[in-house]
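Listed next: structures, encoded as structure tokens.
Next come two complexes, and both contain subunit A; in the first it sits with subunit B, in the second with subunit C.
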Partner chain A sequence: MSLSTQESDENAQYVLYARLDNAKTMANILKAVHFKDTAIIFASENGLKVTVEDCKCVQANAFLQSSLFQEFVIKEEQVTFKINLTVLLECLNIFGASSIPGATTALKMCHEGYGTPLTLLLEENGVLTDCSLKTLEPDETLDFNFLSTNVVNKIITKSECLKAAFSELDLSSDILEILMSPDEPYFRLSTFGNAGSIHSEFPKESDLVESFQCNKTQANRYKISLLKPSVKALMQSTRVSVRTDNRGFLSMQYMIKTEDGQVCFVEFFCCPDEELENDEYS
Partner chain B sequence: MRFRGKIIDIGCIQHFTRVVTTISKLVKSCTLRITTDTLYFILSERMVTGGTGIWCQVSQNHFFDEFNLDGVSAEANEIYLEVNPDLMVRALRTAQNAKSVKIKLTKKHMPCLTLEVELPTLAAHSRLVTHDVPVNVIPRRLWDEFEEPELPDFDVTLFMPCVKILRNVVDRMKNLSNFLTISANNSGEMNFGVSTDIATIKTHFKDVGHPNWRETSDRDPKEFADARIDIRKLAQFLVGQQLSSVKIICNLVHEHLAHFFIVHDDVSLQYSLPVVNS
Partner chain C sequence: MKCIIPGINVKVFGRAVHSLSKIGEEIYFEPLDDGLALRTVNLSRSAFASFIFRPSFFSIYDDGHATLRNDDDVLKCKIGMKSCLSIFRSLSSLEKSVDRCKITLNMDDCRLVFQLFCRHGIVKTFNLTFIECETLQAVFSKEKCNNVLTAQTRLLCDAVTNFQASQEEVTLIVSKEKVSFKNYIEDEPDLKKVVHTVLDLVPEEFDLFQIDAPADITFCLKELRAVLTFSEAANMPVTMRFDVSGRPIAFCIDSDSTFEGNFLLATLADYSSQSQVTASSQVGLTPQTQGQRSKPSVSAQRSTARRANNGSSKSKTALKNMSKVSVEPPTQSDQGNEDRILPISLLGEPEPQRQDSPTNIEEEGTFVPGTPPGKRFKSLFFGMSQSTTTGSQPSSTQHQVLAADTDDEGD
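For the complex of A and B:
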């Protein structure tokens, strides 16, 4: 591959250097968190973490572990910058978003350090594209302080389970209520819209449910507008873990299989809409 | 002033439809000039309205089996009409399996190009579908606005690279910027790039073919000519043109003009986009 010929001395000045044979892998994962124009990228020796936030209430993190890349070199402990995700995705898909069999886009990504642009070099069938994207001062990201020790309820299921439920969400309802309980109805999604309330219940014995660890009945409400972006990730995923902690914060982790069989994770955190005062809906 | 023509061959009907469709994707309204041997679709925008130019030439005898024309006068045996090519396409769309298509200039409530489409049936009688496409007759004193543009001396002449790849690239770039810069040299290097506040993106094509249709100038083959053009107009052309997927010639006049040229035996299309300065 022509991209890999002269890299040895060339990458000397870079703090971050990554090479990927199929740029679509990265594009697909990033697409899952693409609900805002800008993202903050944290690079470390583990790989890239791409964070997108909205309304100070929801945060999405996409993890591109270093093993996903054919080559991943980082010379500082951590490199952080903000970038326009929309433009980055357009660049990654410059040769077309649909995959033509036999044609893959190879990617080389470099960054020279604070204040310098992120450069991408893409190649497909001998045609080269180079992109230079301005990096911006990173914003402070939210810390949801979501500790696994505080997790009250946790369910891991195959994604089919939730895909149907989420794709048919009643959007006239502002909120989605997630109920998790050690007793019936175990796991229930509810919306309260103009045309009435809809409850989708999932039995815990279902083949699709892989792990069910609920300790306490908990019903939390979340703004649908905040959860809606996670549907992109859900649709690509094969497995999903839904967790809530003692404050009602929601964590959803999606497992996404890439085209070449690797596994990536995308997680969403969302804060609850408000405290449920009484049991009027349960 | 009279015009009537008849196309019988289904291949010709479809090819003619492709020509008109291509024009309709580029422009809402254009001039149709009819002479005894050629049909021309012409657009010559003034610089203040964008400066786009289209010159499409269709040899009449490759398409029409009957062709009768009585022009404005004996010494000016031509007709100039203002037409909406999209309306013509809609009329021609019903003709994709027709036995024949007749095109004639008629006077109903207003001047019209009437397309009579004869469709096959199982019975002995055939069905006739008639479309009237309203047109404006352009008076003779305005004709000299539609003269064939003179080709300038081009700095660089190359074939366009693979349209399929280029179409994707231009489509992506279209989302990022309104203007695209083509830069190319006579040794087969061709770059397409956009540049905005947040990103600079450039796609490089190497070893792009070279038509031998004109003497190469004494210009340094390594020297690039640049043309910054309206990206939407380029995208329209790449997506909308149905005449050729391989041999599109791209001519550049440095910081002045990008000119695209498709040549077939019976049809030729020139599309020129002026450079937009930043």
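For the complex of A and C:
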């Protein structure tokens, strides 16, 4: 067919070409890191990594592995560009964000290389939409230098364990204290707000806790305003891994199951709040 | 103080907090011999609500009296409604996940501690700051009411849903033959411009129908809705006790032996059908330190200024008198509350005018009130000293529980 030859001819000019049967999959994962307008997209043969940062203190990475796409072709080792994430999400949901059973939006995503726009071709029930998004010069991203060898404490739990705790955080508190310890109380989230302090404790024996590897008692404080965006990812996820390293840096990895049963990961890094000389909160 | 609420009762407790949160901004905790009392009063002090959870409601109940030498040492405290509500925010998840709730008082850190023991071993601890306070108690006597109606919640809910959400007050008209709910229209000179809703109920619909004196009373719908949200979920009948307009109406939910709820709402004094110009009524509140604990029933306080010319001075007196009660040292309060209240509250002595009969004649024949009120009257829900109309008045009424405040105002 001339169409297929035409298509391959067309594709020849792209450095990045990806096809996805259900655009909703991508939209959902991107939504989990959508707490800033712009994101930096790193494309490699492994897939796409979408990075969003805030205040030079928190970084979220969404991984869309190449196997998620029905077709994923990249001609350079790495393609990097900055993009307006809000607009990208709007385009992906252009046929409506609500999922009507039976109707899925197919997506074709192309990029011709540095300085050219990202083009999206969306199709649902024979209706086509062409989108062209300007790409921007990528910023340098933060390197948290979070090495697994430096991890002091690590807990993997089912997400429902943390969902209630995070969605009901007392926002009159500036900080969230995360305590992880090999001894009681093992794993504790605390806020210190106007009304008083609120603690949620999770025993390591709980059937929701799947892995508990804590070596040292650590209580670190993080700004709630920085952690709050991670709730979006948490709500979509089924499992979460919470890790802290020797500097008190926090890594949270969320496992998200897509509609078609694939597994994606979203991770958050957050640096701790500066330690206070006099513990004014406690 | 230490008490543990078993899982099946946590939702009831949470619902009580939700219901109280629709009325006041602070919640008063007081451990009594016969149960834990939760109370609140609204900002304008026109509505008071209390729940008493009996020891049988808890799996463990220790009011803390045993360890104290003096009953005065028992802590009564209040906490912000919002922080209390945050504990019981999601009722559906409470029911599913909470195994028990423990309430203790941490005197060392001065925190009221709520602990929710949830499924999967999760423990949520709320260390809430509190303010020490005196007992919050409305003065009202159930026995002194001429009219008692008991109805299934369903009946009242069905009646209330007929009113628009924006409807602020509702009038309850009772006679020996029927009970009517009518929307109360305020500040609308042309009565043809507004929607009128009248709902008639026959005595047979009530579980208990005891009307000694026909009455025509107006009260806030918002607080009634707060009552009904609780009673509807608990599926318990509501008993209404009331007298005549201007005197409070009580809604009691007490068919369960493990707890009881009482809501006391001020009612509008009726100006339209009488020469009386000022009559002010509010839910009387007295801070008390003693003598109240063993007496769950409450008594009514009413202050009435009867004539147009001396109305203002009268209600000023009432205010002064009230502050006198507030500053009385606890030692004098031993002989009980009603005795102290009587001289100042004009309780019972000047018989409240039976203004209901003319009103009823007017109301019964027509569905739509034919005549606008003779004098436009403002809601009395904003304090007892309406007639003095001093600018500082509204703010003062907000702090009336404190003796010092009212004392200043009285001068």
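As a convention for this text, the second predicted complex is superposed on the first by the 269 of 282 C-alpha atoms of A that agree within 3 Å, B and C clash if a C-alpha of one lies under 4 Å from a C-alpha of the other, contacts with A are read in each partner's own complex, and residues count from 1 in each chain.
Following the convention adopted for this analysis, a residue touches a chain if its C-beta (ideal position, glycine included) is under 8 Å from a C-beta of that chain, and two chains touch if they have at least 3 such contacts.
A quick note: this is a predicted structure, and the numbers were derived from the prediction, not measured.
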{"item": "Partners on subunit A (subunit B, subunit C) - clash or fit", "value": "fit"}
{"item": "Partner chain in contact with A:A195 - subunit B first, subunit C second, else both or neither", "value": "second"}
{"item": "Touched partner set for A:E45, first subunit B, second subunit C, both or neither", "value": "neither"}
{"item": "Subunit B versus subunit C as contact partner of A:C161, first or second or both or neither", "value": "second"}
{"item": "A:L133 touches, of subunit B and subunit C: first, second, both or neither?", "value": "first"}
{"item": "Partner chain(s) touched by A:P203 [first = subunit B, second = subunit C, both, neither]", "value": "second"}
{"item": "After superposition on chain A, the shortest CA separation from subunit B to subunit C (Å)", "value": "6"}
{"item": "Touch list for subunit A against partner subunit B, complex", "value": "84, 87, 90-91, 93-96, 124-134"}
{"item": "Residues of subunit A touching subunit C in the complex", "value": "161, 164-165, 168, 170, 193-203, 205-208"}
{"item": "For the subunit B and subunit A complex, residues of the former touching the latter", "value": "161-162, 165, 168-169, 172-173, 175-176, 197-206"}
{"item": "In the complex with subunit A, residue positions of subunit C that touch it", "value": "79-80, 82-83, 86, 89-90, 93, 97, 111, 120-129"}
